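Structures incoming, each one as structure tokens.
Look for chain A in each of the two complexes below; its partner is chain B in the first and chain C in the second.
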Partner chain A sequence: MGLLSDPNRRKALTGLLTRLNTPICIVCYLAGIVWFMGLAFEPFTLRTYMSENAMGSTMVEERFSSGERALSLAKEFDPPSACCGLNGMPVEWLVKAMQSRGLEVFTQSFSRKLPFPDENKERYMVRGTNVYGILRAPRAPRTEALVITAPCSPGNTNNQAVALLLALAQYFRNQIYWAKDIIFLVNEHDLIGTQAWLEGYHHTNITGMEYSPLQGRAGSIQAALSLELSSDVITSLDLVLEGLNGQLPNLDLANLFYAFCQKLGVLCTIQGKLQRNDWDTAEGYTHAAQTMMLMVLKQACGRSWGDHGLFLRYHIEAASVRGINSFRHYKTDATTIGRLLEGMVRKLNNLLERLHQSYFFYLLPSLSRFVSIGYYMPAFGLLAVILLLRALDLWVHLGAPALAAVDGVTEPSSPGVLTVLTPVVISHLTGVALYLLPVHLQEMAVEHFPVSETEAVVLTAIAIYTAGLALPHNTQRLLSGEGTEQGWKVLKLTALLYLAVLLGCTALINFSLGFILAVTLVPITASITPHMPKALYAVVMVLLSPAFTILYCVFIYQELIEAPVSVSEGWMLFLSVISQGILDHALYGSLVYPLLALFIYPCWLMFWNILFWN
Partner chain B sequence: FRLSSLIGHISTCPSLIGQCCQRHPGSVDEFQEELVIRPLHSGDIYASFQFRTLWDTDFLQEGQKVSHYRLFPKSLGQVLSKFSVRELHISFTQGFWRTMQWGQPFIPSPPGAELWVWFHDTVSDVDGNWKELTNVLSGIFCASLNFIDLTNTVQPSASFKPLGLGNATDHRFLRYATLPREIVCTENLTPWKKLLPCGSKAGLAVLLKSEKLFHSSFHSQAVHIRPVCQDEQCTSKAWELRQTLNVVFDLYTAGQGKKEWSLFKMFSRTLTEACPLATSSKVYVDITDNPELFELSPATPLLSQAVVLGDRRTYSVFDLTRAETFGQLRSLNLLLRWKGDGGEMLRPLLHAERYVAGFGLQTGEIHTVIYNNHPYRAFPVLLMDSVPWYLQLYIHTLTVTSKSRDNKPSYIHYQPAKDRHRPHLLEMLIQLPPHSMTEVTVQFERALLKWTEYTPDPNHGFYVGSSVVSALVPSMVAMNTNFTQDQPLFSSFVPVKEESSYFVRVYTEPLLVNLPTPDFSMPYNVICLTCTVVAVGYGSFYNLLTRTFQVDEPSLPLAKRLANLIRRIRGVPLLT
Partner chain C sequence: MAAPLTLLLIVAVTIRAVLFRSSWAELISERVEVVSPLNAWKRVVEGLALLDLGVSPYSGDVFHETPFMIYLFHFVVDYAEIVFMIADGITAVALYLSIQTYNKNVFRKQKYALESDRYPADCLELLRSPKEMFYIPLKVAMFYLLNPFTILSCVAKSTCGLNNAIIALFILCTLKGSALLSGILLALATYQSIYPLTLFAPALLFFLQRLYIPVNLRRSSFWFFTLQYAFIYVGSLVVITGLSFFLLGSWDFIPSVYGFIFSVPDLTPNIGLFWYFFAEMFEHFRLFFICVFQINVFFYTIPLSIKLKEHPVFLIFMQIAIISIFKSYPTVGDVALYMAFLPAWSHLYRFLRNIFLVSCVLLACSALFPVLWHLWIYAGSANSNFYYAITLLFNFGQILLVSDYFYAYLRREHHLTHGLYLKKKDGTEATLVLK
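Moving on to the complex of A and B:
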């Protein structure tokens, strides 16, 4: 600090920073990207380890043996009423099945009208019933519970999971060692059912869901597991962690899954990718990088990638286990999966406190390696510091003429508040329009154009987004004449600091989203001035705008899951991603859409404004 | 008038206590033991032991020191006289009574430990006596009762009235506390068994094997001490010590799914004799549902009818004092074989549950739901809630709704908490409309504790004790108000005043609430980092931002300054 309180040295330092500003920024940007890519390199990552004592040292012996019974149950469940067929869930059958296994059974009906039809899942007016049975732990006072859920929704054959759930319930009921109540939940309409049940359980209503109140409860839920077995033949199990708004469960839950997969010899994957041991080869590194990039992309989009994702808001650690048939010759039978779940539930049952010992912020390049927040944050920090350096540079430049004015050189007076405020306000109004209008104008759009409601919403959003580019950059000239040199500098300074704060806050909550936005937004926002070739830079700016970022992410994601798409397919996917984003916000309270519409897009518009300052 | 009738009912008029007329004349103290077995609808089985010791003496009489003990345990007698206890009720419960599946228990108790004591009105320092008493009891019962202090003790104004002789209503002499976290195990059972005259050597107590009692769904043991009338005329009083133990065996875990119960299967013992010190020793089996639902062997010609909890039940009685009860094998092993298929939920007339609503660690809402399942009768209930101080109740948000309409309580007694000194106490008299669900909600804010106030496992959460619903529930059959006839012990604990209703106490489940908790796993990182950032970073930046800097003129060498001095005098331009 002595360095800064000495005016001479301070001047030297700022001089150095302004003189070398551009090179430093470029170095920082490259270093940030390299740092990030280095995170997937195995020697730089840490091996996962179980932090929770209650789960680590206690040995659990799995004895579940009725996997075959579960399979025959699944067949019984399947044909007559077709569980997950068109008739909806066989509620009565489930109630009876759970009751005969000695559970306290309750049902909850719910209904939800979506803001606009969901074309991916073909639903608009959703009406359903959740069935749940509570296994009361002996001599426990109903203060703690664990949840095992199996979604059962039309079009998705998950009856294997429901049958396994029932078989587990039957087995668990005969055991004496439970210390926490266990809730077996079969929810209809996947996430909507889970949301209704969770809101009912906690007696909240944050998304405008209509549901009947719950009759039976079991205290505070400590952890939840969601089970999805979509095929008869399971070759490997995939663990899904990414939840709503990029929230992740405690890393110990992933460790627990991994430990039991190792113990029982089950092939386990994350992001659908197996682990490789050859980290020192190029393929090995690429594999880890792909796995990590998939996680980053999934986390960044802020939606819940399984039923577990909605539990996280309620401070319930949750993960989804998904059975995958990847046509390998090695098969995992139902008994083994049952044992895996038994082991996990028993260890969770041993918990004395909520899972809190391990990390909540992490990236996983593989199931056995993790990158903690301390390792990945510098990558983002290196990008964010560019914005601050540019802001410092501008600040110095804005301050310098004031000194020169003493020497008698006439300088235009500093710009009025209006010149800066007008673009800020207009950009944000555009953002508000982008947030509100698509859903509210859908009826009007459907009337006037030959499109469906969903298309109407998405196309309105894109139209407003595009219109925003044409709108604001002329207005300040109308108000205060020709834009001054000082004016755009002040505006850019404001915008840079604004963006830095926005990205910083986003990265703290959802690192992936913050990082992806930073990678695309930082280079152009840092370098933009009104003196650049307008046409070229306008194209570059548009290509690096938030909407195009989403488009790129769609393509990269498809490439990473090894299902590359053509441009037109990619475009359709892009449209559906936008509609999903808006739906996720309305249905579950995902914050990515409002963040992009209300903050990131207006902030980007401010830079757009600077490009067209004169 | 509702309140006064309810309170009047719970407190007992002296004329009602006359449960002791069958005693041998001349004996100073006597001992009775009893076991009730009730097959439950769900296929589970409920066994309730009661041991009663009656002693015609007065511990509290001045100038008379009681020193000769026969059947009454000396350890408790000394406690009673030392602390001038008028009435003492203590229960240890592991598990939660499932009213929806099991119906009402004979003697209800909340999960964990519960202690309520009426002191004699001559006691001047009630809090001091209470403190000492809890510590002594903690030693006697090997339990953590010493954790009862002023922060979890309340003085309910209406919910807990004396069950014995005397009609004290001044609740300054009452102390009530629960420890919802208390875990009950063998170390609590052993001292409890030692209070029995026969110990666990003979009589019904031989069945109390801990490895079986704790292989169950529910376990509750209690001690109730109260003064009762010595005879019908109630000329002098006697002390009654009731030791009760309730246990529910689970069909699935203990019965291996077979609907077949026997004494041996439940307790891994059979009965061979009565306690020689007991004047009466009986086993009752509830056969009201016999023979449609189950069959009992061996059959007994002795039947008894009793009205318990608003229901007329028929019992087979096995008198252990008679040799023919044990038959040729010299042992009694009761066998119950279920034929029916239960499992349906019950709809008890009064039922209550409680939960915490909301998410996040700042605020929350406590919901208490009370069901009146009576088809056409409304009745009042007393709801008592004791909430620890670290949940700061917003009492202005208190709402009581029945059938989606506001239900104004006719009596509210609220004592706000004092941080670190006293819990909240909320008592309300609520009229429950027939066939309705009444919801009581109150919002709270979670307090930030000081870092030494957290428990060693702060992420487990903090417990809030059960709330207590006391009510006079309308009875379907006429209750027995006649105390002159011999009654089984289980039906005579709470005195009945009128034929049309009976007293029920329902406990809700305790709550587990998470408070905002610092990350205790890395205190050094946190403390060091924040201190460094605050001290170094903030201080210097504040300094930098608020100070203006100017360039110092470099000071001249001494020779030049001297030269300048001379030049100033001469009026010549100065050197620089």
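Moving on to the complex of A and C:
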């Protein structure tokens, strides 16, 4: 506490911080970036290990052998007219197939009208049915359950997975060691079906979905696995962890998957990237960095990257396992995948309590290495501290004239509350407009312009975003030339603290999003003053605004998944990302769009206002 | 000055009415930062239902309001929203009038001292001018009514708002010099939540100062007045408690209200320091640490009363702040009450040292509370340690704020007697250090 009460030391410290403010900020920024890039370097990461005792030490033996049967089932299920064709999922067939395997079978129908048509998946009025069968646990009271789900959506033939699910059900039915109910869920319309089923299971309705109540249920769900096998030749399995709003399942689930892949000799990837062993070469490091960057980008966009993502919201640890055909020599047959799932489910069956031992906040540069929250948070902290340092600097400068007044210097009248409040309120109103208008105005836009509904929504959003840039001019007029030197400093101080709190909260919930926003927003917001060359800095500010950040992320993502796009394709992708973001918010309650529209964008506008302070 | 105050009241009521009608009201009334087991509206409704069924509301472990409260709401439960808005209005007006009176007194005293040439020559800039003092009462009312904490508390229908109103009325009566009303209201405030008991000392000091009775243990006039005021206080406390007994016909409320406050059986997380500590503790240390924690609230009265015996109104502020930091079930409504006083000490601004740090901490904590709650309870990825860390930080900020104001107040008084530009013995500029 000496630092807080001894005025001399305080004076020395604040003096140091204000004198060296700019160099310290630059060093912090560079250190933050370097720290972040260093996270992918293998010696700085930790090896993954199984923390959960119930899953680590127990042995299970996989005996599943009906892979061939699964293949033939898949053929039976196969005719495109039968599955996922024009008349949707073959509900009757599935019900019969599950019943014949001795499950309690129930169906749930649901319907949902999207706020505007989804052009990627070509759907607007969605109507579908979920089929699920419950295998009751013979060994324990039926208070807990596990879920295995296979999405069966039009256009994406997942019949391999459905067939494997049925084969597993048949095999599991004959085993006696189950202590948890196992629910086999085949859901239609991928995420929308999952959402309807989960809401039905938990008696909630948070997204305005219409669904019929579930007729049968099991205990509280402990874990869920989602299975997607798009082709009948599988060469490797990919693990998908990123869920809604950047939530991740417990790391033990990933460890479990990795352990079984090792045991059964299955090639496993994360972000579609195989692990490399040459961490000490440049290529090895680049590879790990790319894998981690992909994870960061996927997590930052806040959408659910598989059916598992929606389970996470209900406190259910879940991951998607995706079969990939990468045209390699080595093939994995259905029996092995079945064994892998059997092993995972058996270990999950051994759980005594929910998965909670291992990490919930992590980044994965590869499947066998992880970066925990304690290692990656400093990278963000170094960026956030810049905002606080600048705020401190401004505070000291604002306080200085007041002290000078002691010596008889006339103090300029301190800025009224209005000078600061007006830009803040106006920026936020623009944010509210950006949040509300695109969806509500689509009909009007479609009437007056030759665009489709989806385009109308996206283009309205971009139009409002751009229109917001004209605000400073109007705000200044409203204030009738009150733009004093003190005024902008107070506004900037407010905006800096606001941004720091905002980014801090974002980074806690979704580190990747917070970090990406910090990387682009911090340098410009820390350095902005009205005394800079306006045109140049206006361009720089726009290039570092949230919308452009999304655009860059689209390009970087495409680059990283080795599918580079041209500028025009990138632009189209950018538009579809925006529409997906708005849809994700309306359908599943993803928070990225409201965060950007209601908080980050207004905050950025406040800095834009400072640049044009007259 | 009535017009701006009316306008302020209208704005405040509008904000509250809009929020009451919005879908946010339900969400807010569930927040642990805003309601505690002591003052949650849900529990009041439960108590009323039990009362209507002819069961003692204190049977069961849900209801912890005082009997007066439940009888008040027995009659006005349909107008609860209006009652809470009126309570906020009363608090604001009472604080407004109190600070107005206080400022008049301060100014008068300053004038006398100036005329009798008691201030050192270089201290003139420390003196307060009527111009800057003019808007302070309005600012105080504004700080209370438009403080997000108060608004949240009111929208959640936390009965903390009513307790605040009683305390504000007590302050008003004290500053207006009515010992009888002051004693009765203090008894009522004590009856509501025990802790305002510590406000007895500042009120007594204020009356003694007002009647020019020196604080001297050998003077009979001092004892006479002290006993008189204590008699009013204790008498009304007895009467109120007796009345409660006759209302309900049993003493159930004593363990259920005061026992609940003192022994802290409900460890629902809140913004205070108790819950985590007692959730972690071994059972056989519990009694000892409860004593330590509870004595903490009352103990500061003695040194502060000695140090601030010339400044009872500032002492009231300090006491309210200490109560809201260290009480067993604090909510943001308690914080809002003492924060309303901050404009009254705006002349101390130049002596504050950590105000930037404190405001950053309080701001960040207010935002982080819901975020970490979400991560802990809904996402399941964080745990109680994260939330408690923020609680600690929040209380650290509050303590720093209060001690900063304390230091600033003492320093200003020191300068007013010893001159603004202190010199060390060797002639260099001296600095004051609080140790």
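Please note the rule applied: the second predicted complex is superposed on the first by the 603 of 614 C-alpha atoms of A that agree within 3 Å, B and C clash if a C-alpha of one lies under 4 Å from a C-alpha of the other, contacts with A are read in each partner's own complex, and residues count from 1 in each chain.
Methods note: a residue touches a chain if its C-beta (ideal position, glycine included) is under 8 Å from a C-beta of that chain, and two chains touch if they have at least 3 such contacts.
Bear in mind the structure is a predicted one, so any value in this text is a computation, not a measurement.
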| item | value |
| --- | --- |
| Partner chain in contact with A:448 - chain B first, chain C second, else both or neither | neither |
| First, second, both or neither for A:329, with chain B first and chain C second | neither |
| Chain B versus chain C as contact partner of A:395, first or second or both or neither | second |
| Partner chain(s) touched by A:203 [first = chain B, second = chain C, both, neither] | first |
| Partner chain(s) touched by A:247 [first = chain B, second = chain C, both, neither] | second |
| Touched partner set for A:497, first chain B, second chain C, both or neither | second |
| Chain A residues touched - chain C or chain B, whichever exceeds | B |
| Touched partner set for A:47, first chain B, second chain C, both or neither | neither |
| Common interface positions of chain A, toward chain B and toward chain C | 4-5, 7-8, 10, 313, 315, 356 |
| Residue numbers on chain C that touch chain A, as the complex places them | 125, 350, 353-354, 356-357, 360, 363-364, 367-368, 371-372, 374-375, 378-382, 400, 407, 431-435 |
| Of all residues in chain A, those that touch chain C in their complex | 4-8, 10, 247-248, 312-313, 315, 356, 360-361, 388, 391-392, 395, 402, 406, 497, 500-502, 504-505, 508-509 |
| Residues on chain A engaged by chain B in the complex (per definition of touch) | 1, 4-5, 7-8, 10, 99-100, 102, 104, 136, 138-144, 173-176, 202-204, 217, 219-220, 313-315, 352-354, 356-357 |
| Chain A-facing residues of chain B, complex | 94-96, 98, 100-101, 111-112, 180, 214-219, 250-254, 256-257, 343, 345, 353, 355-361, 365, 367, 457-461, 463, 509-514, 519, 521, 536, 540, 543-544, 547, 549-551 |
